[in-house]
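Two complexes come next, and they have one chain in common, subunit A, joined by subunit B in the first and subunit C in the second.
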Partner chain A sequence: MTPYWAILSARFRMLLQYRAAAAAGFGTQLFWGLIRVMIFEAFYRSTTSAQPMSYQEVVTYIWLGQALLALLPWNYDRDIHALVRSGNVAYELLRPLDLYWHWYARAVAWRVAPAVLRALPMFIVAGLFFGLQAPVSWASFGAWLIALVGALLLSAAITTLVNISLMWTIAGDGIATLVSTLVIILSGMVVPLPFFPDWAQSILNFLPFRGLVDVPFRLYMGHLPPGDIYGLFAHQLGWTLALVAVSHHVLGRGTRRLVVQGG
Partner chain B sequence: MLGDFRLYFRYIGISVRSQMQYRWSFIMMTIGHFLTTGIEFVGIWILFQRFGNIRGWSLAEVALCYGIVNIAFSISDATTRGFDMFHIMVKGGEFDRLLLRPRSTALQVAGQELTMRRIGRLTQGLIVLLWSAHTLGIVWSPAKVALTGAAALGGACLFCGLFVLQATLAFWTVETLEIVNTVTYGGVETAQFPLSIYRPWLRRFFTGVIPLATVSYFPALAILGRGAGSAVPPALQWGAPLAGFAFLLAALQVWKFGVRHYTSTGS
Partner chain C sequence: MPQIVVDDLVKTFRVAERQPGLWGAARGLLKRRHRTVEALAGVSFGIETGELVGYIGPNGAGKSTTVKVLAGILVPDSGRCEVLGRVPWRERVANAREIGVVFGQRTQLWWDLPVIESFELLRDIYRVSPQAHLRSRDELVDMLDMEPLLDVPVRQLSLGQRMRCDLAAALLHSPPVLYLDEPTIGLDAVSKLAVRDFVRQLNRERGVTIILTTHDMDDIEALCTRIIVINEGHILSDGTLNDLRARVTTERWLIVDLAEEDGDVADPQATVISREGHRVCLRFDPDEVSAAELIGRITAGHAIRDLFVENPPIEEIIARLYGEQCR
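And now, the complex of A and B:
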């Protein structure tokens, strides 16, 4: 366990150095959040029919999304892409570590560090000025924290699978784009999942993506009761384990067919 | 002037040919771009099937704004890659080479690349626009066709202007200022909906400071025939796209000013 922990903490400390990028990202996300809030405000003022969430809840959902955007597995690790392209991936294979868990630890650090940098200021600013509400109860808060851990494990598993797909370089790029498209729309990042058509709900409930955004966010605001956490966390963990198993298999095949050019 | 255009087309001809060397990669990336930008419209559709309308605008009417602004942005996104990467050129001191050639620097930077995969966004914007026109049964008089084209081109010029300004800042900062993304990418996000739905401060910002409304919202009023009761006079609805062209010309003046103040990093 120790070497993976060392990789995780070293990467984490390195990524925390990018504070200027975080500041620029913060401004952009603040603006983005304001636009989204205004769009929903206009929609809510245009209808009298009952909606699956209240306006206040949507506002909180939007700001949580802006705060935790970096947790989403929406892109691939360019360093790993470069390793595969240059052939330096051979060094990765020489290390006395399981390659999968090595890359998984990298992915965890890569998702957590920027999220930590961005989430705190966003919580403060959006909480004070833009209508981000506190969790409805301590139970909801606790359930949210557990679901966030589940979301992180799941996000790192999806990230690692996408990173592994880069071993098939050019085609891998296409897979990465496809996965990020699925993640962004089906996690609830574009539109909260309760707004999706009723026929789509059972599909969304089955798929892993809601565990990334929709589940933790709705636990936070009590839209899902905190008692549901057991089943929801099991859903997140189940998908994580399934993805880990598949990724292990794919990585095994990838390394067997890997040809590293000399020179 | 004519020679400049010939040179520009030679430049981008080379760029296009080099991208076509990786044909399969180009196809995959274009499809990817089509999908990642297209989910925005899926999101809008989902909201409309719950809410029905936004401030009296139907999905098909919003789709017209969406189509125009996405077509406009895709054109600017494809043509300004050189400006997007300009800070790297400044950092490496490569801009010195451009200054030695007896041609306009803006032309040389613009000619660096024509990013072909942006056809993905262009295609989806065009599909949404055509779907909107079909659903609304818009009667296409020559004037309306011209106005739609002018709005898309004016919008493209506006976004190009913004990318040029962002690049110009690199003369002083050597870094790219990501905060400008709020008005480029954020501008697209905003202008996908009619500007009338937003709060006054944002409306004023995107009319007076950055004239985004003049290349999407105002012409859309005229094309949709919604302009009669609105506070926007007809002359403004029809003439507004000109503001986009004017914005680009102004941005190029700022660029020239920046070039005069350029000091090489010397590396």
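And now, the complex of A and C:
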């Protein structure tokens, strides 16, 4: 196994142990999902104009969001924060590893493990009782899986950049809070992106955040045709690579400062 | 050419000075005052393959800074440093593969993983082949007697057990150079002995070059053939334990166990340092009076149960060396 893959898998196995947190998260997300469904139901009952998604589609969209919430880059890694605060982050450099890919591997594991723990029961419960529908076709299902991988790579890249930002901000939550707010709104987690005004569409389509939620979820529902996956995956991957390049550079500066000033 | 070369290393840190009180804090927001601390002020030494060097000094002397530079995680302001022909901070990853580092104050193992899984992770991180890993692991497990610890998560280990595991973890990739930073800190007597025995064996049998920083003078006396003393960024002394003694003081101690309690021993050419029950401890200068002559005079005047001559403990020597520099 390569070092980074080994770190990813060890971290993943470790995080799978946090079953109580997953159960609590599942309960909370179920509750919020029901509230969001009710809000949209009220909206659809009172609206008279045509909407960009049907009510059934929105319900499926909401439950996908509740199932995969943990995949979003909504928080920072407390272990890395502790390392930075105590000045021990220099000791990370004792390993014969590139620090960026070390932290990226951690971030991937950190996004996947809780999402896996929560998604499976949510799919079952929401599918049986709350109107989560199956993908419209096998092609849509396949496109969704590919887009999920893209979303994961992108999410881990954003998470890693937020973690790196902790090297400059002492309190830590400043940038992390800002990013998580941007992510939740601009990815389409709160309101699906097709509901945004027309002038916002082109901006939202350009930004990386739609690759996290909007793209995979609409592929699942067939709201985006499965054939679009090539362009959409390229969009996800392009942003991931751009973020990796920027983060690599920023982390390089951070470590240089660290090794010059001694933490 | 020595395996480790350190030549005229200088490292200064800028420390922000905070002024007391609310007003001071407010002023600090506008204008920070900085103070420069010289952690290393021209440190030089060379270490040959297979040496076991004690690197000692009081807190803040520059020990850890030196070790960090050697490990490639700190860049000095000036000076030259090479470990196995590499400049550590320029080739950090290649250097990291060739060294092992143990910090007594912190663990390098993964807190939530069983020891054996930490070891497997290290195997992958250092890209050790499975066969070489197994050989190295079994040998270390045997030497450190840690078979029963392998399946225990690290957070459940006692400090002594954890230190044994940390030593093994640092050596799994068979590095030719090992830095030990206070490996016996906080350990009980039995664990300390186990760590010392292991370090000695590693050095003698495997020929691993070891730099040991410690505050425990027993570690130094038990293990090190060579001692480098550092204080305030300067090297005060570099040589064998005997060299160090000879440089600081030639005095020796005569310890006498008297037959009667509270007996009074006095001699014009020796000074009493302590008196405790039957035991009296005197210091004398062998250039002034020979041990035989002194013993002769004391045994003539007192009933003696036992007596022996020894060197002053190394703590005493080091304390005097620091004191000498302060004056």
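In this text, the second predicted complex is superposed on the first by the 255 of 263 C-alpha atoms of A that agree within 3 Å, B and C clash if a C-alpha of one lies under 4 Å from a C-alpha of the other, contacts with A are read in each partner's own complex, and residues count from 1 in each chain.
The definition used in the following text is that a contact is a pair of C-beta atoms (placed from the backbone, for glycine too) under 8 Å apart; a residue touches a chain by one contact, two chains touch by 3 or more.
Keep in mind the model is a prediction, meaning the values are calculated, not measured.
Trainee: If you stack the two complexes on chain A, which partner ends up touching A:F31: first (subunit B), second (subunit C), both, or neither?
Mentor: First partner only.
Trainee: Between subunit B (first) and subunit C (second), which does A:P96 come into contact with in this model arrangement: first, second, both, or neither?
Mentor: In the superposition, A:P96 touches subunit C alone.
Trainee: Pick one for A:P225: touches subunit B only (first), subunit C only (second), both, or neither.
Mentor: neither
Trainee: So, A:V191: does it touch subunit B (first), subunit C (second), both, or neither?
Mentor: Only subunit B is touched by A:V191; subunit C is not.
Trainee: Based on the superposed arrangement, let me know which partner A:G238 touches: subunit B (first), subunit C (second), both, or neither?
Mentor: After superposition on chain A, A:G238 lies in contact with neither partner.
Trainee: Using the superposition on chain A described above, determine whether A:A10 touches subunit B (first), subunit C (second), both, or neither.
Mentor: A:A10: touches subunit C, not subunit B.
Trainee: Considering only touches as defined above, state whether A:G252 meets subunit B (first), subunit C (second), both or neither.
Mentor: After superposition on chain A, A:G252 lies in contact with neither partner.
Trainee: Between subunit B and subunit C, pick out the one touching the greater number of residues of subunit A.
Mentor: Answer, by number of touched residues of subunit A: B.
Trainee: Using the touch definition from the top, say if A:T2 reaches subunit B (first), subunit C (second), both or neither.
Mentor: In the superposition, A:T2 touches subunit C alone.
Trainee: Find the residues of subunit A that appear in the contact set with subunit B and again in the contact set with subunit C.
Mentor: none
Trainee: Which stretch or stretches of subunit B touch subunit A in the complex?
Mentor: 22, 24-25, 28-29, 31-33, 35-36, 39-40, 42-43, 46-47, 49-56, 177-179, 181-182, 185-186, 189-190, 193, 197-199, 202
Trainee: Using the touch rule from the top, collect the residues of subunit C that touch subunit A in their complex.
Mentor: 11, 13-14, 39, 65, 68, 71-75, 89, 92-94, 96-97, 101, 103, 106, 108, 110, 112-113, 117, 120-121, 124-127
Trainee: Please name which positions on subunit A make contact with subunit B in the complex.
Mentor: For subunit A paired with subunit B, touching residues are 21, 24-25, 27-28, 31-32, 34-35, 38-39, 42-47, 49, 51-52, 170-171, 173-174, 177-178, 180-181, 184-185, 190-191, 195-197.
Trainee: Which part of subunit A faces subunit C closely enough to touch in the complex?
Mentor: It is residues 1-3, 5-7, 10, 14, 17, 88, 90-91, 93-98, 259-262 of subunit A that touch subunit C.
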